[in-house]
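In this document, chain identifiers A, B, C, D and E correspond to the written order of the chains, with residue numbering beginning at 1 in each.
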Amino acid sequence: MLETLFIKNFTENGELYLESLAATLQMVVSALIIAAILGFLIGVLLVITREGHLSENAKVFQFLNVVVNAMRSMPFIILMVAIMPLTKVMAGTTIGVQGAIVPLVAFSAPFIARLTESALLEVDPGVIEAFKAMGASRRQIILSVMLKEALPGLILALTVATIGLVGATAMAGVVGAGGLGDLALRYGYQRWNPEVMFGCVFIIWGMVQGIQSIGNYLSKSLRRK
Amino acid sequence: MIVMKNISKIYSRGDKKVEALRSANLTVNQGEIFGIVGYSGAGKSTLLRCINMLERPTTGIVKIRDMEMTSLNDTQLQQARRKIGMIFQHFNLLSSSTVFMNVAAPLRLTNTPKKEIEKKVSELLNLVGLSEQASAYPSQLSGGQKQRVGIARSLANEPEILLCDEATSALDPETTDSILELLMAINRQLNLTIVLVTHEMNVIKKICDRVAVMEKGLIIEQGHVIDLFTRPQTPTAKKFISTIIDTQLPDKILEIVKNQSIPGLLARVGFVGDVGAAPLLANLSSQFHIQPNILYGNIIEVKNTICGSLIVNFIGQHDKILKVIRHLEKYGLQAEILLDVKQSEVITEKSFVERISV
Amino acid sequence: AGCSNSDKQPTSGNQPVQQRTQIKLGVTPSVSEEVIRKVKEVAAKDGLDIEVIVFSDYTQVNRALAEKQLDANSFQHTGFFENDKKTHNLDLVKIADTYTLPAAIYSKKIKNVSELPDGATVALAGDPANTARGLYLFEKAGWIKLREGAGVKATVRDIVDNPKKLKFKEMDQAMVLPMLGEVDAAAVNSNFALAAGLNPQKDGLVAEDANGPWVNLLAVRTAEKDDPVFQKLVKAFRSAEVKQFINDKYKGSVLASW
Amino acid sequence: MLETLFIKNFTENGELYLESLAATLQMVVSALIIAAILGFLIGVLLVITREGHLSENAKVFQFLNVVVNAMRSMPFIILMVAIMPLTKVMAGTTIGVQGAIVPLVAFSAPFIARLTESALLEVDPGVIEAFKAMGASRRQIILSVMLKEALPGLILALTVATIGLVGATAMAGVVGAGGLGDLALRYGYQRWNPEVMFGCVFIIWGMVQGIQSIGNYLSKSLRRK
Amino acid sequence: MIVMKNISKIYSRGDKKVEALRSANLTVNQGEIFGIVGYSGAGKSTLLRCINMLERPTTGIVKIRDMEMTSLNDTQLQQARRKIGMIFQHFNLLSSSTVFMNVAAPLRLTNTPKKEIEKKVSELLNLVGLSEQASAYPSQLSGGQKQRVGIARSLANEPEILLCDEATSALDPETTDSILELLMAINRQLNLTIVLVTHEMNVIKKICDRVAVMEKGLIIEQGHVIDLFTRPQTPTAKKFISTIIDTQLPDKILEIVKNQSIPGLLARVGFVGDVGAAPLLANLSSQFHIQPNILYGNIIEVKNTICGSLIVNFIGQHDKILKVIRHLEKYGLQAEILLDVKQSEVITEKSFVERISV
């Protein structure tokens, strides 16, 4: 019964789902790549500029701390509006999938930064010390020690962030970007069409489950403690 | 080579101040193997870590060659550290890297070609007996294996100075020996300077040239190893020495002596170097008609020098024995009378033991 | 955020006027999207290609149009349009009325507006396009009095008299109806009522008039209002086919204005 | 200039801000307490039921993993709708601040669970072993070893989650719960009242900054590595 | 008390299998102090961890009293473990707790009253010399201090069995001695059974009753400590013994002997217990006109028994010396002829050293 309902649902609305899935994937992938790079960078800076760490620098730390907090303070829609001029410059447009990516990055990067920070703080200070003693440069310590040792944690952090990003794309409909989450909202929720709603949620859940499984697997197989 | 002047280091623990080092002074010469011993918590690790600035001394100056370490900028410090290897008390290995990669780490920092890394690392792993473990991760190793990875790593970039913090404390004697021989070989061949924190006098005895004894943040004794072994000045030094030259007469022997009815004197006889102590002692019986019974003691080799400490029961008349002792002293032995055997009953057990302990 | 170099946008707007056969049109979900999809079908026969972009929120659509990221939009009623133009200083103009979605007050607890108890909780949509409509409905029911001239911008802060001491719950427009059981009465937009099988005329306690300030419209940039492409658009929109579609689909809850 | 503008803004709209702040605080605090408890619980279970851990149990792990993922898959609004029957039973209402708390918990708890999981995975297995050898019960190991050792990480995780929760309350306006985020969206953004919008964002930022500072401070002073 | 039968443990490392234990058998009696020695990586830690099921053996049975550990359920295992203390090679302290709380941990697990905990912990900290560090965190301690916290913790709940993995490897001799005395005292007073993994023969010598030697996952030798010290069977055992009874004649002494022109024999003389070896040797000169020159060696006390190993150069005619040796053997000494001094030139350096090494 339920099965046939599902099949009916997916064959009937196939194109709709496919289109939305494509939009979601496009947003998630592009935003993730940029946000991960930025987030890692900021996260690393948030750690090494702390008191007693590699490049202690109270000013930089405070600045980043405040900026990250400020960005995390804004509801996504307001963030979207606040950075619209930037979006226009960077993406050429403020609507559609293109226009959604910059705000999604702005939303995810600070989040990834915080998670990166947490993961890096767990690295054994003794190992960092050993590399200091070897005459490793700051860059080398960050790359070959901190990021490497924290990798299992970082992967889990990235997994959490990716799933958060998938969630955030639902709000990208505000600028007409579409996507599965938006479809679920528009058809499912606003028009009270439970089939489509659950169809979308089901597909998103599949994605999330996949992302989480990959994350768990990678993290576990890299964890050597 | 390494000069440390008036080094003090104060840690704060809550609102308490902990003085880990209090004006320590140290000079290590080029090509020397320098040992640091001392009780747990004496400040040995802290002192060692001040040499390469892992710990910045609260006051004092550290110089390596004529470079003042305390005043180097970051890049200079990095350059300086590349020539200093370090073995950590807690190993500090990359848990996410294999044994191979851990040992390769210092080489990769200097962008050594891959071929060369492979060669060098295999060589080192072979030397420390871990060729089979090359692809294992630290968590899959035994304690001693981890320590050997740390040792191999510290030698990878052919340092000019090697700082070892309890480098062999988790190793069995065989492995310890092979590591020490390796260090001595490098020391000789490449004129490597080694500073070595340890609590094993066997290690000191086997490879050190000079040694410092630390207590409560101070260096309380410092000198050539032979001198420390034969003429320790402080109770701490004596305690350390006693682990390999045990001159604390056991109760068992004491009893035998006490129950002896023939007159005699109990004495500690010490000697260093090629004085031929044994023949000297052996000849006493025919020369002086004094029988020297060796009750207890050790004769050991301290870095190519024989030295010994024996508890000898000289049987015979006191005046004769005193003559014998003069005779021995003439030949460079040290003798110290511990007990008049016939009068032993009048000495209380306690003061007795005190007197015979070195 | 005014962008002077927006001419470079890859929209069809910078083609010579006569040759334009393609437009980007912004809508919001539900009725406006569904109607436009029908319009697209009709227009296609006339050689007009409409690219539909769905915004799930009202706030960006006019701005996107003004910034030439769209060529036209169809999602709003006159009240919202006029207000949005003023607040954001947008140079837009209406080219045609489209349809009305009369809102109404529904309740599961009372049968008549006079039955509403003192201290009751009433729900209404919280977004700018619909708050005022809800409030004016409440005023029409005689429950409250709004400040004179509050107009399309009215919010609960414009209530000058609230004799029944009503409590107002402003929520997402799609949520109002599902929450009907939680409150004593609620003002609901008819596209949502529709989905639940409610008819404003039959089931509502009080309903809006068919032609108030809430009639929906097609908007374009003022400078382009005479572009023949939009005549094509209006023609397709106000066609018999579309009207038929609206009547069949919405059964009186959406009233075509032609 | 800017200062006077600020003062004017806050005195003029004082009541509005206060009311919204109260709503936000009420939602954040209530939801946080429940979500933290649930999240910790699920996070702990996600760790100890793993392969080779304290109470290895593939079924429980898979079940929790799927449920957490499913909940994290749903856009907040859809989650809100999906659990409405539950909300009704538990909170007595589905609207207003009361009605928003259950969905906020449902949104935060899985997130906290994931962060808890990450933090707990960083605990040194050697210490867990030492307590096993002492004959500590599972409960004791979880409480006195895992949670205690991971505390600095857990606090940072809770900080991240709290700030995420503050963000999520902005969407609670959907069921008429009000709050600062909702005020910023409806009055500030949708009705284009930049003063109100930035006023709200400013207050939220203040909260976020405060939460983060407390989190950083606690985490740092508890970190003993 | 503890019986381990046919214990094997196989780890997998990637797709390689590592046999850490291969059918090891062990019996430890109640109240015994049992030592385990062996090279790094031999499987000592793994064996120890199999006793309290921290590592489940791949095959084999572990029994404590008559309880089969391998078949206990969780609760039973917990109960059993509460009576087993363990000191870890890597300390495994709670980094988030103070020294005091770390030591209190086992007591808190059993809901001991606060007063009692305070008393007990202060006592223990006093015993291990860490009273001043009570409020410090592990990261603020030196290596040896951390180890002492681990020791104090393992004793807190008055276990019946204590498993020690290199419990004193980071400790100086003084601290080691005091810890060992503490362990012996508890062993005597409370009949505590101790299983002790170590690579320090000094530790074995001081406190162990019996000892097992491990190699490559097997127990290759097992027996009373005195037997091991005096009659080691395997090269591994010999190597370990040599760290405190050094009978490898140094080159220095060899040269002296080789340059000697008087005829004689070089022999190793070993003795155990109260045989009065010293007077016996001393009397040779008057009895047999043979001069015994002690060139090298040690006399040590192994858990209340004196035992020694001396390299003696007997000067005199061969037939007389052989008589002397017979004489010594009659009195319970062991003698082994190493070298005919006059013929030493015909023996190659290598085989010579081989022959004189034990």
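The definition used in the following text is that a contact is a pair of C-beta atoms (placed from the backbone, for glycine too) under 8 Å apart; a residue touches a chain by one contact, two chains touch by 3 or more.
Note that the structure is predicted; figures quoted are calculated from it, not measured.
Steps from chain B to chain C, minimised over paths through touching chains, total 2. For the pair chain C and chain E, chains touching both partners: D.
Chain A maps onto chain D through a rotation of 180 degrees [Cα fit, steps of 5, range 0 to 180]. Here the chain pair with the top count of touching C-beta pairs is B-E.
Each chain gets one centre point, the mean of its Cα atoms, and the points for chain A and chain E are 57 Å apart. Centroid to centroid, with C-alpha atoms defining each point, chain A and chain D lie 17 Å apart.
Inter-chain spacing, taken between the CA centroids of chain C and chain D, is 36 Å.
Contact with two or more other chains is made by residues 90 of chain E. Within chain A, the positions touching two or more other chains are listed as 77, 81, 124, 152, 185, 189, 225. Residue positions 59, 178 of chain C each touch two or more of the other chains. Chain pairs recorded as touching, per the definition above, are A-B, A-C, A-D, B-E, C-D, D-E. For chain D in complex with chain A, the touching residues are 65-66, 69-70, 72-78, 81-82, 111, 114-115, 117-119, 121-122, 124-125, 152-153, 156-157, 159-160, 163-164, 166-167, 170-171, 181, 184-185, 188-189, 197, 201, 204-205, 207-209, 212, 216, 219, 223, 225.
On the side of chain B, the complex with chain E involves touching residues 11, 13-14, 18, 37-41, 44-45, 89-90, 135-136, 140-145, 147-148, 165-166, 169-175, 199, 201-202, 236, 239-240, 242-244, 246, 250, 252-253, 256, 274, 276, 278-279, 281-283, 285-286, 291-301, 304-306, 313, 315.
Contact residues on chain C toward chain D in their complex (touch as defined above): 58-59, 87-88, 123, 126-128, 153, 155, 169-172, 175, 178-179, 182-183. Chain contact summary for the complex, chain B toward chain A: residues 52, 54, 74, 77-84, 86, 88, 90, 92-97, 105-106, 108-109, 137-139, 157, 163.
Residues 77, 81, 84-85, 88, 93-96, 99, 173-176, 178, 182, 185-187, 189-193 of chain A are the ones that touch chain C when the two sit in their complex.
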